[in-house]
Amino acid sequence: MPQPTIAPRKPTQSPTLDSPLRGMTLKHVVESQQFTVPLLMELFERSRGMERVVARGGSLDYQNRIMTTLFYAPSTRTRLSFEAAMHRLGGRVLSTENAGAFSSEVEGEQLEDSIRIIGSYSDVIVVRHPEDCGARRAADVSPVPVINAGDGNGGQHPTQALLDLYTIYRQRPLDGLSVAIIGELDKGRTARSLAYLLAKFERVKMFFVSPPHLQMKADILSYLDEHGVRYELESDIDRVIGEVDVVYQTRIRPERVRDGKDLRSYAIDSTVLRRMKEDALILHPLPRTVELDKSVDADPRAMYFRQARNGLYVRMALLTMLLEQEQSAGNAWRLDTR
Amino acid sequence: MPQPTIAPRKPTQSPTLDSPLRGMTLKHVVESQQFTVPLLMELFERSRGMERVVARGGSLDYQNRIMTTLFYAPSTRTRLSFEAAMHRLGGRVLSTENAGAFSSEVEGEQLEDSIRIIGSYSDVIVVRHPEDCGARRAADVSPVPVINAGDGNGGQHPTQALLDLYTIYRQRPLDGLSVAIIGELDKGRTARSLAYLLAKFERVKMFFVSPPHLQMKADILSYLDEHGVRYELESDIDRVIGEVDVVYQTRIRPERVRDGKDLRSYAIDSTVLRRMKEDALILHPLPRTVELDKSVDADPRAMYFRQARNGLYVRMALLTMLLEQEQSAGNAWRLDTR
Amino acid sequence: MPQPTIAPRKPTQSPTLDSPLRGMTLKHVVESQQFTVPLLMELFERSRGMERVVARGGSLDYQNRIMTTLFYAPSTRTRLSFEAAMHRLGGRVLSTENAGAFSSEVEGEQLEDSIRIIGSYSDVIVVRHPEDCGARRAADVSPVPVINAGDGNGGQHPTQALLDLYTIYRQRPLDGLSVAIIGELDKGRTARSLAYLLAKFERVKMFFVSPPHLQMKADILSYLDEHGVRYELESDIDRVIGEVDVVYQTRIRPERVRDGKDLRSYAIDSTVLRRMKEDALILHPLPRTVELDKSVDADPRAMYFRQARNGLYVRMALLTMLLEQEQSAGNAWRLDTR
């Protein structure tokens, strides 16, 4: 059953005043709701700067820092995006394409031991794990910062949500947005992580558009209720598509909908395009199947390839925040040479 | 059925005056016939320079450039050769050992989307794809240069042909050569790519030596006919081995020949060695099976380990040509920060 | 049947005066017994220096050197440890996560050809091979230094033994040690490699603790007899645990012991801890299963996470020794540009 990797925090006075998971600084990135609005704004300002760094060719400041991508389930695009980010900072990368298949861990070694060991020769670990609490378990024992690159089946994928939000931020003020989140929402890691983030902003309204049996789970809805965020559950794309500022489309696997007609009725194609606002934004975390027609690619409202590029900037920015933090902590483990 | 990835171009006045696929500059490397003789000569001069760069320890000029090796089918040696080339230039590498198995692409994502995404955080993409037009499809949508590292079953492997030709060039004038190309030629990507390249030079004669049912396909033969290049189809190695300047041996899989005797009659061993010209060159793209006996390794005419080393220099040279080109195009995508 | 990768050398006057495999310098690292005490001391002094290099952030001296990890059997932790070591030296890495599955070598290419080819674009090769003589075969043909990262089922894993010994060395004089080596010793690569190394030091005594059917094989015992090293075979952990200076625990796979009680009687847990010397050291090469309880982790005598970190320093030191050697040999292959 999909669950947040830690229990939802108690409601605070205002969603914009959430305190971060571990004080104002960022130690690990486990779930999207740990980001406060000030922290998001700092991240986005840095991401903006990274666009300029990349345009100039990159940086060399991090030439002595090592990032390890520890992927127990393969994801070529997410892994390469993190690795490109570290390289554009001038850093170094240790990489596992499929540690799940290629490690004695299959014979019973625990994630915790691997993280402790890899943490003794890396400065930051990016982990993708097939279990819902994988990233949390890693963060709990790691001597260096851990970034969740997707965990579980209904877990989180916080950096995807951060780059999604950054893509909107680059085009539009975030307060007052109306957003349609479409697809297979019960298992949608990216949709779930994004809903938590959008909830931080003022006067946001979300429409969750999905066949009823695939709707957003109660944990998210409770979170939104507790924080006073407006949302509607909708099964008909036509009733919302003309009024929203952002369409966040996600994958629908054919085997999870009851019939082909149903599948097609949640797809975006040139007909649906014509009914959208002229300045709407179309986002999709990719990869796609039939729910996003190729005819949409040339439309200026299509943001999904720009999202992929923004992922580079946001991950660069996030790495700098985590590594500066680690630096100021004095790299305690490294100096312990007793 | 094996086919060139694009239709053969119309015959030009002279094979040495072919115009390159896209003007005098090199945007993508998809098939060997796109190289003109002047372009080959520029590549080979640069490769010569790379021998000196490597002897001095390498270069650091490309420290801010990223090459991605996107291999949908594994090939350890080809992949590592490209990656070593980029490292010797001082550059950075993102790597996939087996993107075919380890990506949601198996669930239906299209190559085109992956290339667009990876092209947004790389400066050049080296792609190996199991389908005949894979590299062409990638080049058609990529925002950065694409290099074909082998596609399809009867497709091309142009950089192998370039390093093969460079190996000959370092030892012998290319005009006037007589070359025996031996093996399983109908499916031989490297033999096919090399035939296209040799056809660019004056007074070349090729002998295609193979059991009749595995002979070179009609597409290549038509190309040679159209360009006025001399060739003979031969099934008996003994009739040509004593008169050629270059023996280009390729793999013969036992399951594709009718009996063991047949297999052995196309092999090169110490007996065959004795009948070759004293200054002949023996090339093989490797890996080998029984068609190239280990007793040949110590013969000074054996060039196949030198070929592997030349692959490093040619790939370094090729990367510099593509990346300079991209540089002068202003990296449009990167500066688009709207 | 487990065997050393080369025949045991004849007994010399004293175990501390063994001559190295190929003169005083280090060309390849194939098996632990090739290290003399002076060579070990040089390695350990350098490793000590590497602790300081890492504390300062790393070195850039090796920015033009390439190390290839050629793993025919996957081992994420060992591979990443070597790669981190090369990166901390400022060097570059070519990596294969599972060359066995992802190479045409499965179709019959020989290890020797791959080593020759990869040696033409790398400065050092780290090889893990499933056959007992894999590393020796690689070293025999390689144009550049080869390091054995584990070969065979009862072969060796010399760098693990080096880091094990370094971990003891950092805490204790090596002469006069008493060491219990516990576990599945007949197939234990790391236990075997460590026994060879400990035998180099004065007045060492080893207790091999194991169910009788999994005891240390005759090749090691003969080596110890020939070199006059004291050891005892023991099946009861209780009879030795209170008197040894070092407990070297290794994995016991449940399927190899006769019943669960047997398995548990070789495990280290809080009960066993209480009977150990107050200043004993507990080592384990990891990964672990039930033979090392998590309750031991917090005990100050537990050295196994420190071992992992020491692996980084020892591998950095070893790489510098091999690469300096190669440098002074003039990189002959690279300058041969005929």
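Chains here go by letter, A, B and C, matching the order in which they are written, and residues are numbered from 1 within each.
The criterion applied here is as follows: contacts are C-beta pairs under 8 Å (C-beta built on N, C-alpha and C of every residue); 3 or more make two chains touch, one makes a residue touch a chain.
As the structure is a computational prediction, the values presented were derived from the model and not from experiment.
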Same-site or different-site touching of subunit B by its copy subunit C, using the half cut: different
Angle (degrees, nearest 5) of the CA superposition of subunit A onto subunit C: 120
Subunit B and subunit C, separation of their C-alpha mean positions in angstrom: 40
Residue list for subunit B, restricted to those that touch at least two other chains: 95, 97-98
Partner subunit A, residues of subunit B touching it in the complex: 63-64, 66, 68, 70, 92, 94-99, 101-105, 107-109, 113-114, 116-118, 120-122, 331, 333-335, 337
Partner subunit A, residues of subunit C touching it in the complex: 51-52, 54-55, 57-58, 60, 74-77, 80-81, 83-85, 87-88, 95, 97-98, 286-289, 305, 308-309, 311-312
